[in-house]
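Once you scroll down, you'll see the structures, which are given as structure tokens.
In the two complexes that follow, subunit A is the common piece, with subunit B as its partner first and subunit C second.
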Partner chain A sequence: MSNRFGLQKAGPRNRSDRRAELLLGALACVVLALIAGMIIFVFEKAWPSFSHNGFDWFSPFAGGNVDDELVHIFESPSNPAQYVYEMHAWPLIYATILITATAVIISTVFAVLSAMFIVEFAPEGIRRLLEPVVRLLAAVPSVIYGLIGILVVVKFFGDHLITQSARDSVAGVAALNGFSWGVGALILTVMITPIMIAIVVDALRAVPIGWREGSVSLGVNRWRAMWTVSVRAARPAIVAAAVLATARALGEAIMLSMVTGSVGFKPQPIDGLIFFVEPARPLAATIVDNAEGLSVVPFAQTLYAYAAVLLVSAAFLSFGGWYIRRRLRAYTLSPI
Partner chain B sequence: MSTHATGGGRLDAVRKRLQAPKLPRPRRDRGVLREEEVVPWSVGDRIGVAAAWFCGLLLCAIAAAIVLYMLVRGLQYLSVGALFEHPVILSTTQSTGTAGGYLDPIEGTLILTALGTLIALPIGVGTAVWLSEYGRPAGLARAVESGVEIVAGTPTIVLAIFGLLVFTQGAFGFLSFTAEGGAVFGRSFFIAGIMMSLIAIPLIVGATRESLQSIPAHVREASYALGKDKISTIRRVLLPAARKGIATGTTLGMGRIAGDTAIVVILLGATPLEPQGDVPILRVLQGTGSTLTSYVYNNSPAGEGNAPQKAYAAAFVLLIIVILMNFFVDLISRQRSDPWAR
Partner chain C sequence: MSRKGIRLLAVLAAMSLLITVPAAAQAKKKIITISGSTSVYPLEIKLASKWIKTKKGKKFGFKILQGGSNVGISDVSKGRVSIGASSRDPANGDPGGLVFTRIARDAICMITNNSNPLGNITQDTIKKIFLGPTFTSWSQVPGSPISGSIDPVGRAATSGTHDAFRNIFLGGTNQGSFVAAKSSNGLVQQTVQSDPRGIGYVSLAFTNGVNVVSYNGVACTLRNASSFQYGGVRSFYFVTRGAPVGGVKKFINWITHSNKANKIIATDWVPLH
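Moving on to the complex of A and B:
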């Protein structure tokens, strides 16, 4: 709680004021209780799936085909004693990490460069055009990105970039028809870059002008002044932006379920270039794809286990981001 | 001895770095020094600037491509009449046709956005006021703060299935409808609206807090000096002053609600408007429906409909709604905000 103005929380009080404070505090507590409830409920529901599989749930070496396991769980007998829970979710976790990391790394570079362009290098006209463009790109609903992805990008990849020999080389293992984690990561990059740009631009603008002027007057050119002074001072904001973008990327379900092929396949880096067009399916997309199965008890518990993993990652992200920001803040005066 | 040697080496390095860069001698024949003449641009610097330019222009190109493509496709497949027609239920007709309109999804988007915003606005503003003006005990305030941050980072699909988990409990039967046997359906505008409000709350809290904190302390002091107590200061002075921030946050939240798909697919049923019960307005809110986002999703090749023309047309309508909201945010943020700015 940074409190810039000492008097903000003081002030004259009487009974009606006390009542208002209690009311508003209760409102805030409702929000808090809701979140606590969410975490508890989801975990309680997810527990059987975790407890039946133990560490194999997360283990990269557990093997098995996720889609087959999902089918078995879905078809498990209605007698609770005979519920099937076997789930080795590593391919889904792997796909989530792969897509999110690729998109976040590319878009961090892209967002920092674009933000520098907007703040320092763009001519006035382009700058004035770019700001609403960034806001627009950030506001386009994910389903529209998904629609363009499935009807244009996936089609283009499938028709023009993937050769028949490539298709034959993995025939029987994976279908290369354009639906791929690479397309998903590409579109995800377009989706999360604008979110990051907005934050980084604000931070770059907030760097005291004197710092940059000082470095320029020492004979440094504009690029170096930007890169070594402003971008460095804005590091906490860049971390904050990356964290926010990662959270969005982790949770993106609809667009990824549309373009990544919805196969619980684990893309293999040893396949060379084909690697990028192999299908996959991240956790969030798996939940959307299988939402009809929520009425089957063990199946629902498995889906809630996916949700629990996502929830924990989101919480860790926000705490990790807060911690890194605090560490970095020691070196700067950035307000964020 | 060895430490001295390395220390000396480091000193040399520092000295080297501190040496004044060799500047080219300014040419007398040009009146004004160009920047490049004073400071040499290394290859790396040039590549950096080129990359920045490239990224900026690529961004423009991507946005232009998306908007133009949607415009072309939208105008190609959208007819004005279809905006006011009910959709044809997918299972009864050939799904490849262009029959049916988008009235239900449009209504659904409007109802859901309004409902979600109505729920989120008081909670968001109240929480923000409490955080910024009261915030005691400090531990609780910090907990609420991180709670809001966690909600902001929670995937909407997780919110959606959490909503399903909660609202299929018998106690919440009045929010959707209860089948014979006591099973609660758990899908309705009410339920989707409540979960949608969770998307908007962090945005509203953030924007409201920020604008409350940017109000100078002397404004509060002046109000107290006139004999106002704290709550009336908040109501009469601070909230009106924070109007712009609240409006920006709310509009952003509306955009996010209108654009979300996962919650609609799971908690609204993605059906045509199907009111339940017989109380006039309540029956719509208790019933299921669809929004433009779920309509696009269901009609894309990924959904069961596979009618790209319809998906394009509905996506075009959705994009226009989003652009309009964007425009309003722009309009709000251009207004003169700070009445105390010098």
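Moving on to the complex of A and C:
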């Protein structure tokens, strides 16, 4: 039996090794138990909301207004037999997917290109400045991004990018005042790109230098060598970075609650350019905005249902990422 | 013993003093716990810190938490705290057996952006903006100095301010789902401050940097609210499980009857008498 590095695992055991092994094993089990407990707890709380609505909970065609439904649930009578549960959460799910996907796609492109620059093309001086700055950016708390969003980005969008005729065309349906899913996605992109850059830089560095040198010595220029050899070899790490970034984007609540408009509106691509500045509210932001209502039983169960959806999506992401990475490894000679 | 060791011991001794002295002092006092509305929080802090300096209040200590009106009501119904603070009226969904005691009143003001110095707004106009909406353009609003679309801003359904706005300004109907549902007074204020076409409602304490609109011809000021000329006034409640007893009863009595408490309330809120 050997591990990844080809070292022999079994051997004469000494006692302190054995003790460390047991301790670490116990810790790992505690983490597993915690996660299992959390999933069971959330699903147990969320079940009434799902079971009352069935497939309509997720269906894009269920109709109804999600904010009105929330108010009705919140105002349920205190008698458990009369609890209101009707919830068609598609606008919130749609907003979550829309914002997350936009941010992750843009930031993947940005991250791969900037990582290539940092690893291969940047002059030493710039590289030494860029890397710590990227790592610092990755650690900025989201509420700071939210504040900058409200005070600067939202205001800029509202004052300079949205015309009066655009506003009038949807007056009474949606307020175009800068609070929008577009601003949310934009700031989210800025938030997750540094994490992705940091991971992709490490991955590109881990590609054995000989591989790239080999292709350069065959007469390929640096850009092509980087693109066809290093980036190709680092694909599993790029997927891993995208998965991590998606997980952070899915769970982002405070910043999105501050800038996306606080309305359960479904942005319509058919509206043309206005689409990008229409308001929306993703799942995590809805939980934050309404946490005060947790004392009302059916309302709390509805919020737990949102949480359960986020939890399951995160789990699927992890498994999906793991599967794609495995497939990619099968096709490429990967160092990672 | 080295100098370092002595210094360390001194610090430890000082710290243990800090920890033990208040604990010993508190051991003799009964603790009254409060949780609930963020709007009531600044008021209850001021009242409690004054009361524990009075003769009756000396024997008591306080532990005050926030969380929102509904959190306070739920906490007190489950016996987790002695008093729940609420900035909304009793509702259908509340647990049974709770007693709401009014301790003060608070004004809710309509606000617009400073570049839109609307002078007055009637209840009818507010309904046409926040329900329906019948009015979607400022040119439809009587007396409006600007034109263009209206951006109504409000609070989430779970907030006490939303409840008060519905009952006082909208005649019991919920605001339309097109109204942005912000999660705090401050966010409503910030949104209206940055949006020239915005209109929103906030507690009187959150009206800096925005244009405060008169409601039905009466300006939203503390004086008008105290004299009951201003219509947009809501109540702050202390909620107890059953009628208040013991220290809680003494505290609430002091708030509702003493002149000192009245003076404290009158700094930013409306006293009961």
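To be clear about the criterion, the second predicted complex is superposed on the first by the 307 of 336 C-alpha atoms of A that agree within 3 Å, B and C clash if a C-alpha of one lies under 4 Å from a C-alpha of the other, contacts with A are read in each partner's own complex, and residues count from 1 in each chain.
We take it that a contact is a pair of C-beta atoms (placed from the backbone, for glycine too) under 8 Å apart; a residue touches a chain by one contact, two chains touch by 3 or more.
Just so we're clear, the structure is a prediction, and the values are computed from it rather than from any experiment.
Q: By the touch definition at the top of the document, which applies to A:150: first (subunit B), second (subunit C), both, or neither?
A: both
Q: A:71 contacts which: subunit B (first), subunit C (second), both, neither?
A: Second partner only.
Q: Thinking of the overlay built on chain A, is A:158 touched by subunit B (first), by subunit C (second), by both, or by neither?
A: In the superposition, A:158 touches subunit C alone.
Q: After superposition on the shared chain, which partner residues are touched by A:329: those of subunit B (first), subunit C (second), both, or neither?
A: In the superposition, A:329 touches no partner, neither subunit B nor subunit C.
Q: Quick one: is A:258 in contact with subunit B, with subunit C, with both, or with neither? Answer first, second, both or neither.
A: both
Q: Is A:232 touching anything from subunit B or subunit C once the two structures are fitted on A? First, second, both or neither.
A: In the superposition, A:232 contacts neither subunit B nor subunit C.
Q: Which touches a greater number of subunit A residues, subunit B or subunit C?
A: Subunit A has more residues touched by B than by the other partner.
Q: Please indicate which partner A:288 is in contact with in the superposed arrangement: first for subunit B, second for subunit C, both, or neither.
A: both
Q: Which residues would you name on subunit A as touching subunit B in one complex and subunit C in the other?
A: Common interface on subunit A, subunit B vs subunit C: 150-151, 257-258, 288, 291, 294.
Q: Can you list the residues on subunit A that touch subunit C in the complex?
A: 65-68, 70-71, 74-78, 150-151, 154-155, 158, 164, 167-168, 170-179, 257-258, 261-265, 279, 288-296, 299
Q: Quick one: which bits of subunit A touch subunit B in the complex? Just the residue numbers, please.
A: 1, 3-9, 11-14, 16-17, 20-21, 23-25, 27-32, 34-38, 41-42, 45, 110, 113-114, 116-118, 120-122, 126, 129-130, 132-137, 139-144, 146-148, 150-152, 190, 193-194, 197, 219-224, 227, 243-244, 247, 250-254, 257-258, 284, 287-288, 291, 294, 303-304, 307, 310-311, 314-315, 317-319, 322
Q: Enumerate the contact residues on subunit B facing subunit A in the complex.
A: Per the stated touch rule, the residues are 20-21, 23, 35, 38-41, 45, 48-49, 51-57, 59-60, 62-63, 66-67, 69-70, 122-123, 126-127, 129-136, 138, 140-159, 161-162, 164-166, 198, 201, 213, 216-217, 220-221, 224, 228-231, 233-234, 255, 258-262, 265-266, 293, 296-297, 300-302, 308, 311-312, 315, 318-319, 322-323, 325-326, 329-330.
Q: Touching subunit A in the complex: which residues of subunit C?
A: Per the stated touch rule, the residues are 67-71, 73-75, 91-96, 132-133, 136-137, 148-153, 156-159, 174, 177-183, 187, 190-191, 194-195, 197-198.
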